[in-house]
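Chain naming follows the written order as A, B, C and D, and within any one chain the residues start at number 1.
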């Protein structure tokens, strides 16, 4: 079902302008090399879904004008502070935002995973999130009495894009405990993955590795891109803090952002 | 939080008469040695929940009169056919049954895992299961129009009991791809586990093993019981087909069942 | 072996396998040796078909526990599934629960398993039952484990499309079975006598095509070997040994 | 270091750690060095406390992906959590979204993260904010990321119980903050002047007990070392180096 492809252009071909794109948080597995390839190609009008939050990747896409709608529980650069292009775009009223809370995004993806239209969720009541999210409904819990409960509609991304440790030639992808990536693959129509390395043999034949593997059934295309998350960290490899600090500082202005982007895409 | 205990009596102390007890299917990890210990102790009035189906273990508990209410999507002895004591008890009108369908039991446990009162589920409409399960409600999908959908209430077992490959001394339990066991542990108040062996070191420190591990946070007590699933199979170890065939044949009569039980508990 | 050069199971496996042509992914439940054989036969003849078999180690590529089959079906990633019934009626309702009163049944069966769900969500459900008698094929089942048809407003991307028995093949559409073919050695009249529900049939009903040589070769070779790993007793009984 | 023999962060960590006594399990969100320090200090003094820290490898014993923290809280397995706010008001509403119009805010913050959920489900939520000014502690937040109080019919096993700032400790109950103590070097009047919302306070408000020697020893030893792995810059800034 899935296929190993030789380059990022082929990997990203299924992602068209206007699609919804789910991306993982910076601490998981961010396909940043693939994101640079998207920026070079000039993707447009994305509905970007952070699962459930995002950082550098989202800020790059927003800064480059690729995002028409953003759904996230939070956008920042971690220890490097605010995400400058997100902040600027919001304060300029240039970005449509669907604020969320982390478990609501997980729940929406789980609803898609289960093929159900919505998932109930506790909490949230009294938050202004309900005001800005008319798609989150409140019903009276049929199993309670006078017990309001929030419903979160299913989130079915057109594409999920992430970076992982390894894939085998069947297209199975090992993510270990990073099971939000498995959830994204289950929920999305199309799943595109960059990996550090190719595993020879089948990941599903090893009982230990199988437990952390996304079966090829859910993986559309895979591309081997060692270091494909840089300058973000991955597993035990730390982030390139100097580069991130440089970004956080430069991207405060549009000119600074454009200059750094030219450099990064060169 | 969890503790390694030296014997089955201590392992099973938290399980009292009248509690709800969740057990896995025969192909997963059945704690059969622990079940024999329960039968010796003479547990009573269990609300037995098969996740989502069961075989020998359920038939033994039913035959020995330990079960007052059974919730399951199916009870049989696999290739050895009908579960004789279940069948006899039902046909004698002696067992209260809550028939289910597999995904509804998974969904009910997932609702408990998420701390939500219910989970919607597609399918089921038109089935007589809705007639015998008044706790499964049908509502109009708030995200549709004239679109009935079934709600499954949360299943929160008092106790989950199963067998797994290994545990470490912190109480983490490795189950590999058998993630219905993880779901049971998340959903249950108390989780009791027998394991083939003790793993020296922490299962969570190995990235490959961590992906298939239930953290100690969800595990109440663990006991090392090599072969604790016999005569059922486990992982690559096959079932003892001769013993199962003997059971399937002997348990057709109450006398045969009692005789075999005396032998198995000796 | 009967007087024909193939067993009834072999013929049924061939008929069921032919219904899988062109699909991407078929799943087979636990304790279903005949569907497993059909799926593996279809795959042997058309290797692009992915086959998932519950109870198999080799043919089960799931990593999310017991729920994954059901979630996978709801995601639209399973094209076909097989279901059977202790009773099956003319509206394609199936009964896996019991005969008689629910609380104190005359005969109690194991239970509905995943049928009530998968019957609605898998686009092509193939019903099968080797025994073809009025005891199985009844006017109305005593308990509906899974309903054959639904009201138009019910979300139902899936449902029954075919029924394969030891005597015949039927198609199911618009709430009714239609006799497609009768297996060699029987005819429409005999099938009607053995069936407790009404069904449509043309004036002349063709005979089910016998297994082709390549089907039998695959069945008795590759498929038999694979099925033996999961269902050794069935493989010995159902398949003729391959010619040396 | 100020003229006292401990930093403001050290005092806050001690005050927050004392609120965790007797608990089984405290969780700390990402990018929360002060709560992480408090949790690790509490554990150093009471080893039975389990500490979960998002963003840490060593102190994160989860295996079910990003959702596990939230499911775990809903299961009642997390006793305490820390939340902060860009604005916090007198009803303990917190704002992590923005100031001004939602569509085109004057100032936009990162977002609500898990607050709207965890605030309702974790029994003891401890609010914290080192900066104690009327800019933070406002009469009414511009956007309620998570509500401090709920109607009686709302399912809410959790909620705010404490607020620790760089100047004082408050308790929250029955919809109102009460000043518990003021940190050494300030007093109730100064705290009131720095706070934009009304709060209760006794005629005489005690001074927050300074860090005890065993607290400081643990903080500057074990806790500093552990926090350094996750937040090296914070550890250098916030903790005095241990005495050689």
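Heads up, the rule we're going with is that contacts are C-beta pairs under 8 Å (C-beta built on N, C-alpha and C of every residue); 3 or more make two chains touch, one makes a residue touch a chain.
The structure presented is a predicted model; accordingly, all values stated were derived computationally and were not measured.
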Other chains in touch with both subunit B and subunit D: A
Partner chains shared by subunit A and subunit D (touch criterion as defined above): B
Which of A-C and B-C has more C-beta pairs touching across its chains: B-C
Length of the line joining the C-alpha centres of subunit C and subunit D, rounded to whole Å: 60
Centroid spacing, where centroids are CA-atom means, of subunit A and subunit C in whole angstrom: 41
Intercentroid distance (Cα basis), subunit B paired with subunit A, Å: 36
Gap in Å, rounded to a whole number, between the CA centres of subunit C and subunit B: 29
Contacts with two or more other chains, residues of subunit D listed in rising order: 62-64, 70-71, 74, 121
Residues of subunit A whose C-beta touches two or more other chains: 107, 110, 114-116, 121-122, 144, 147, 149, 177, 179, 182, 210-212
Which chain pairs touch, all of them: A-B, A-C, A-D, B-C, B-D
Residues of subunit A that touch subunit B when the two form their complex: 107, 110, 114-122, 137, 139, 141-144, 147, 149, 151, 153, 175-177, 179, 207-212, 235
Complex interface listing, subunit D residues touching subunit A: 30-31, 55, 57, 62-67, 70-71, 74, 96-98, 102-121, 143-147, 149-150, 153-155, 231, 233
Residue numbers on subunit A that touch subunit D, as the complex places them: 25, 27-28, 51-53, 72-76, 78-79, 82-83, 86-87, 90-93, 99-104, 106-107, 110, 121-129, 132, 144, 146-149, 177-183, 236
Residue numbers on subunit B that touch subunit D, as the complex places them: 1, 112-116, 172, 182, 186, 204, 210-218
Contact set on subunit C toward subunit A in their complex: 24-25, 50, 61-64, 70-77, 121
